[in-house]
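Below is one structure; the comments refer to it alone.
Chains: A, B, C, D and E, in written order; residue numbering restarts at 1 for each.
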Amino acid sequence: MEAYNQVGIQRRLRRFFRRDGRALIFAMDHGFEHGPTDFEGTWEHINPNVVLKKVIRAGIDGIMTLPGIARIAGKQFHGKDVGLMVKLTSKTNLRPKEDQFLQTPLGFVEDAIKLGADAVAATVYWGSPYEDVMMKNFAEVASIAHDFGYPVVQFSYPRGPYINEKYGKKEDYRVVMYGARAAAEMGADMIKTYWTGSKETFAKVVDAASGVPVLLSGGAKAENPLEFLNVVYNVIEAGGSGAVVGRNIFQRENPEPMIRALLRVIHKNEEPEEAAKAEGLL
Amino acid sequence: MEAYNQVGIQRRLRRFFRRDGRALIFAMDHGFEHGPTDFEGTWEHINPNVVLKKVIRAGIDGIMTLPGIARIAGKQFHGKDVGLMVKLTSKTNLRPKEDQFLQTPLGFVEDAIKLGADAVAATVYWGSPYEDVMMKNFAEVASIAHDFGYPVVQFSYPRGPYINEKYGKKEDYRVVMYGARAAAEMGADMIKTYWTGSKETFAKVVDAASGVPVLLSGGAKAENPLEFLNVVYNVIEAGGSGAVVGRNIFQRENPEPMIRALLRVIHKNEEPEEAAKAEGLL
Amino acid sequence: MEAYNQVGIQRRLRRFFRRDGRALIFAMDHGFEHGPTDFEGTWEHINPNVVLKKVIRAGIDGIMTLPGIARIAGKQFHGKDVGLMVKLTSKTNLRPKEDQFLQTPLGFVEDAIKLGADAVAATVYWGSPYEDVMMKNFAEVASIAHDFGYPVVQFSYPRGPYINEKYGKKEDYRVVMYGARAAAEMGADMIKTYWTGSKETFAKVVDAASGVPVLLSGGAKAENPLEFLNVVYNVIEAGGSGAVVGRNIFQRENPEPMIRALLRVIHKNEEPEEAAKAEGLL
Amino acid sequence: MEAYNQVGIQRRLRRFFRRDGRALIFAMDHGFEHGPTDFEGTWEHINPNVVLKKVIRAGIDGIMTLPGIARIAGKQFHGKDVGLMVKLTSKTNLRPKEDQFLQTPLGFVEDAIKLGADAVAATVYWGSPYEDVMMKNFAEVASIAHDFGYPVVQFSYPRGPYINEKYGKKEDYRVVMYGARAAAEMGADMIKTYWTGSKETFAKVVDAASGVPVLLSGGAKAENPLEFLNVVYNVIEAGGSGAVVGRNIFQRENPEPMIRALLRVIHKNEEPEEAAKAEGLL
Amino acid sequence: MEAYNQVGIQRRLRRFFRRDGRALIFAMDHGFEHGPTDFEGTWEHINPNVVLKKVIRAGIDGIMTLPGIARIAGKQFHGKDVGLMVKLTSKTNLRPKEDQFLQTPLGFVEDAIKLGADAVAATVYWGSPYEDVMMKNFAEVASIAHDFGYPVVQFSYPRGPYINEKYGKKEDYRVVMYGARAAAEMGADMIKTYWTGSKETFAKVVDAASGVPVLLSGGAKAENPLEFLNVVYNVIEAGGSGAVVGRNIFQRENPEPMIRALLRVIHKNEEPEEAAKAEGLL
């Protein structure tokens, strides 16, 4: 017999993951973490109602955003079959450099429940001088969310002055793998992390997560669409469960072909070139 | 700007109501309120997994059930576009006659949240000697549920020795209307109540609810399908928002044609006869 | 991914149920519910340390008892592979006749956790004038226990003046089935109930429970061992998950052969006569 | 159907905003943030009863002040159609320079409720070394206030040693826009921020806020009235929702003509010169 | 008469300790504390289900792991006679060097209860600049766990810049003994600590613990099996209560012979060479 919250966690996870256990999630927290300048090239997307309408129409599986955006654009979700993941921590890039290795709570699990969310998320910068603070905060968020039957997503990002010093870059697979493992050992239900550069190394990240789904963090807009589709293709090949994509979507005037191409790669195992051509991206 | 829980209530209401503001909801709380004998004629439906699979496949908009059933059949809901309404009160018909005018809590708002529900429900027997107890309980349920962004449904049923004495029957439109009004005045987001016998009288119930959606309580299995489709048709004509139907669905070996016919009447305004014929019920 | 309490519930259920999903549990709450006279014939068993030592040595799967007994005889459990089920409600048979249809809390979920229990239990007398009180109490016990990862057992007993009036006897399969169903719809993880007199009727009780394990309540000491083994055999044949047995065990000077015979019937599907002979009971 | 707190938030917002969605709010928190020397030139205004009586008589839409002032001058509000916004954070300019980038709670949401307020406000200095502390505090204030049906105002001010270093000045539209966006993404119901120097740049701030009303922070007393009226005029032209004005009001012996001129610009779209002349300011 | 929680603590301790009061416990928290690279040589063990299945099959007495691992591999425990110790603090070795003298909560006592654990553990680095933080955290964990009847294990490790400075190494028996004593004085039910290099010195550690069982912390993989078996043999000779072993087990392709040899040494007092030979390690 299943616990009530176990039923809720499974039901809510399936609001993101299709039957194949994979998902494409749109990220819209850039206005906070990077500032509105991320939207300079496609300014109308600064309005979450505009960009979310396009993205949902294109068939995205889920949306990840901050509480205030979920409120402003709440009506975009009504009656739509799209998962809502509310992120509960952030930071600006205005704060002093050394404080940017810390993410701060900007809402609570209860806020996500009120908003009708299907999952909550919080960031841990592994290796940061503030690792201690974010780790404890994640533990608290996870405990409350799980009690209410909500899955918890860790944005598991190695980051901080010592990471670069010791490993050369934060995307080194040894530290990405480490962060993913730490997330799994803390009870995360999904892990979002960096691309490690190759299918082989990303497969080790997936191994380290020991069954907890690993999603790619989309990162900066790729120069050409094929480049990004290739990364996502390799994530899937490596056993990853999909991608959380922001700039590669909203920094395009018309994000819909890119979304549809990504859905082809993720859910139909189409080759990137084939998918890109089918959607007129090449 | 909207409150977070306001966003959640709207999002969750739309898990039941289609764009037309109407819904067909399947009720499965009879094992508790009437006993398993309600399933004698179609015994395989005693297993909630069996009946819910059929009902969801037929395209139902939502399911209303008790927490334990939502747990036992939780997997039927995974990845399906169907609203889940968890009822938090009930009674057996084993208890002494006079105690059957009371519904008792068998779960809490938090249980519904854990289960991944989209709404909670509780019964008030208006006119019962226990009206006081149920009224206060409904107020508490509503307060907690609303704070978490969950809509609250009142099963608003005039019932008790004094109702029959004064009005002849509990379905007299004057008492049904009264109950619906009381539900609206307490903050219900949906009202489920009896058929009052005519479109004209049901329209007064809808008026009394002053904008809170009113759904028909399906009641005992009608002798022929057309009879029940006619009632639902008149509910819609009267401004009602749909129906919550149990026995007219699960007491049929094959419930799917009936569900599809009901969906035609509710969402496409089809004439009952036309709908029944289209689904091979006549 | 599983919720933490889901893991605990599964782990703890397996402290009673073997791989075959069946269990034989010893009941020792008679000193409270019936009074110490139940021990008159085998007086040394009034000391829980004496009887529990024998019972555990015989290979019982679990023990059901009240908090104070679990304390007095706690050391019998140390290092033994036996599940501990703590019952949290009871009543004396000293109280006025009509109040004997009510069970009262005599401990809390937290007490069971402190005692190192693996499950909690509470009685509901379905049909009693106090049905309302016990139903609400069970809902509260279940909610707290589930949150802590503890399975909850309902002693689901139709009982009260109206049951006999309407159904002739409390063991009528229609009411036993009803009680089992009500337990399932409230979220019980195991159901303990009466023998309905035949394999066919007990199979309907099992059906009504829709997957929640149903265990036989052993009842008064049978005149000859075979009689009782036959009942248990039929419970298993009907799809039941075992038995909770008190008097048929502790009212025997040497309870071990009976326990071993019951284990044969339950876990090895042995014929009652064969099992009784193998243990020297015939 | 709307949540109860949703109704309260809307009702309370309209105590500030007229039908046109615009408001002129008088700010009186300078005695705390700047010290009483701000009142040197118009010393009788040090008494909040004196200045508030004038300001309310002139037709102001709302008052923003600290809890203690709301208490001392509470009677000015009795029976008056004027919104009361209670600010819950502040700092003195006595504290060490580097600590002035931090605002400290000096009251709680419950205090504002007790005072009969219509909204609460709190400051976040974006980019400050204490950004983390103020951000978390704002999140907590907002969560509590919204639950009680109170709108929340963020004084969203980029400030701190790194802002000047990186952007030249804290009024650079890129950082003002960033702060406004961050406020919106955290659930603010109104945003108060700096003038960015031009209608075009302020329009980007309004865009970034994505529908959350943006009000001008009045700042130091302008040399001539027209200058300040021009700024407010451009705020309105840029899509701003009004202004929160302190020194430009209370540092005038007779603040009423200025208030009336501002109301003309804000609510009647009058040209600044026209408005100033009509009120005898030129 | 015993308090309820006293019964639970004894019952749960015996899920680890056999009748002889000794235990061999497998440690699997290395993915978090050291990173997945600890598994490089035996990569399939990165999956906790793989390694735990082997380890439990070999007859281990208990498992010590982090909450997320207990969840991922929960099914390995079902129906198995093996104690589960959930560790509630950890740190990565990614964090800045000086922060590695701090362990951070990554779960709560309630999480361990939910998971069906039999004990909780937390680390204190005695002598660390963060001794204060961990000491207080341990006190809180112990208080809550004891109330619920759960035993508490202290990983009592002298560590930090001042330890090496003053004592030459952290394994100096004077500091190990001190740490063990401090653990005992705070109410630990088991103490896990370093090997001090000799039977004589370890006996002083055991003395200092004054009856609280002391277990060896296994440490890095020994070059040859005999070396490690000898250490464990001396721990037992010194009055120690067993060992918590990670790398010496999971860094072997086939960990079962090592486990069985350790069980011989611990529970049968076999000479290391004899035990190693019996299991084919020599």
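By our rule, a contact is a pair of C-beta atoms (placed from the backbone, for glycine too) under 8 Å apart; a residue touches a chain by one contact, two chains touch by 3 or more.
Just so it is clear, the structure is predicted and the values come from calculations on it, not from any experiment.
Give the fewest steps needed to get from subunit D to subunit E, where each step moves from one chain to a chain it touches.
2
From the centre of subunit B, which chain's CA centre is farthest?
Checked the centroid distances; the maximum from subunit B is E.
With centres defined as the mean of C-alpha atoms, identify the chain lying farthest from subunit A.
C
If you fit subunit C onto subunit D using the CA atoms, what's the rotation angle, as a multiple of 5 degrees?
180
Rounded to a whole Å, what is the gap between the Cα centroids of subunit A and subunit C?
A distance of 48 Å separates the two centres.
Need the CA-centroid distance for the pair subunit C / subunit E, whole Å please.
Spacing between the chain centres: roughly 38 Å.
Got the subunit C residues that touch at least 2 other chains?
Answer for subunit C, listing residues that touch two or more other chains: 1-6, 9, 147, 149, 187, 211-212.
Identify every two-chain combination in which the chains touch.
Inter-chain contacts occur between A-B, A-C, A-D, A-E, B-C, B-D, C-E.
Any idea which subunit C residues touch subunit B in the complex?
The touching residues are 126-129, 131-132, 135-136, 138-139, 143, 158, 160-163, 174-175, 177-179, 181-188, 204, 207-208, 210-212.
Show which residues of subunit B lie in contact with subunit A when the two form their complex.
Per the stated touch rule, the residues are 1-5, 7-12, 14-15, 17-19, 67, 70-72, 74-75, 77-79, 81, 84, 110-111, 113-117, 147-149.
Which of the residues in subunit A end up touching subunit D in this complex?
Against subunit D, subunit A makes touches at 29, 31-32, 35-37, 43, 46-49, 66-69, 71-72, 90-92, 94-97, 99, 102, 104-108, 110-111.
Residues of subunit C touching subunit A in their complex?
1-6, 9, 13, 146-147, 149, 151, 187, 189, 211-212
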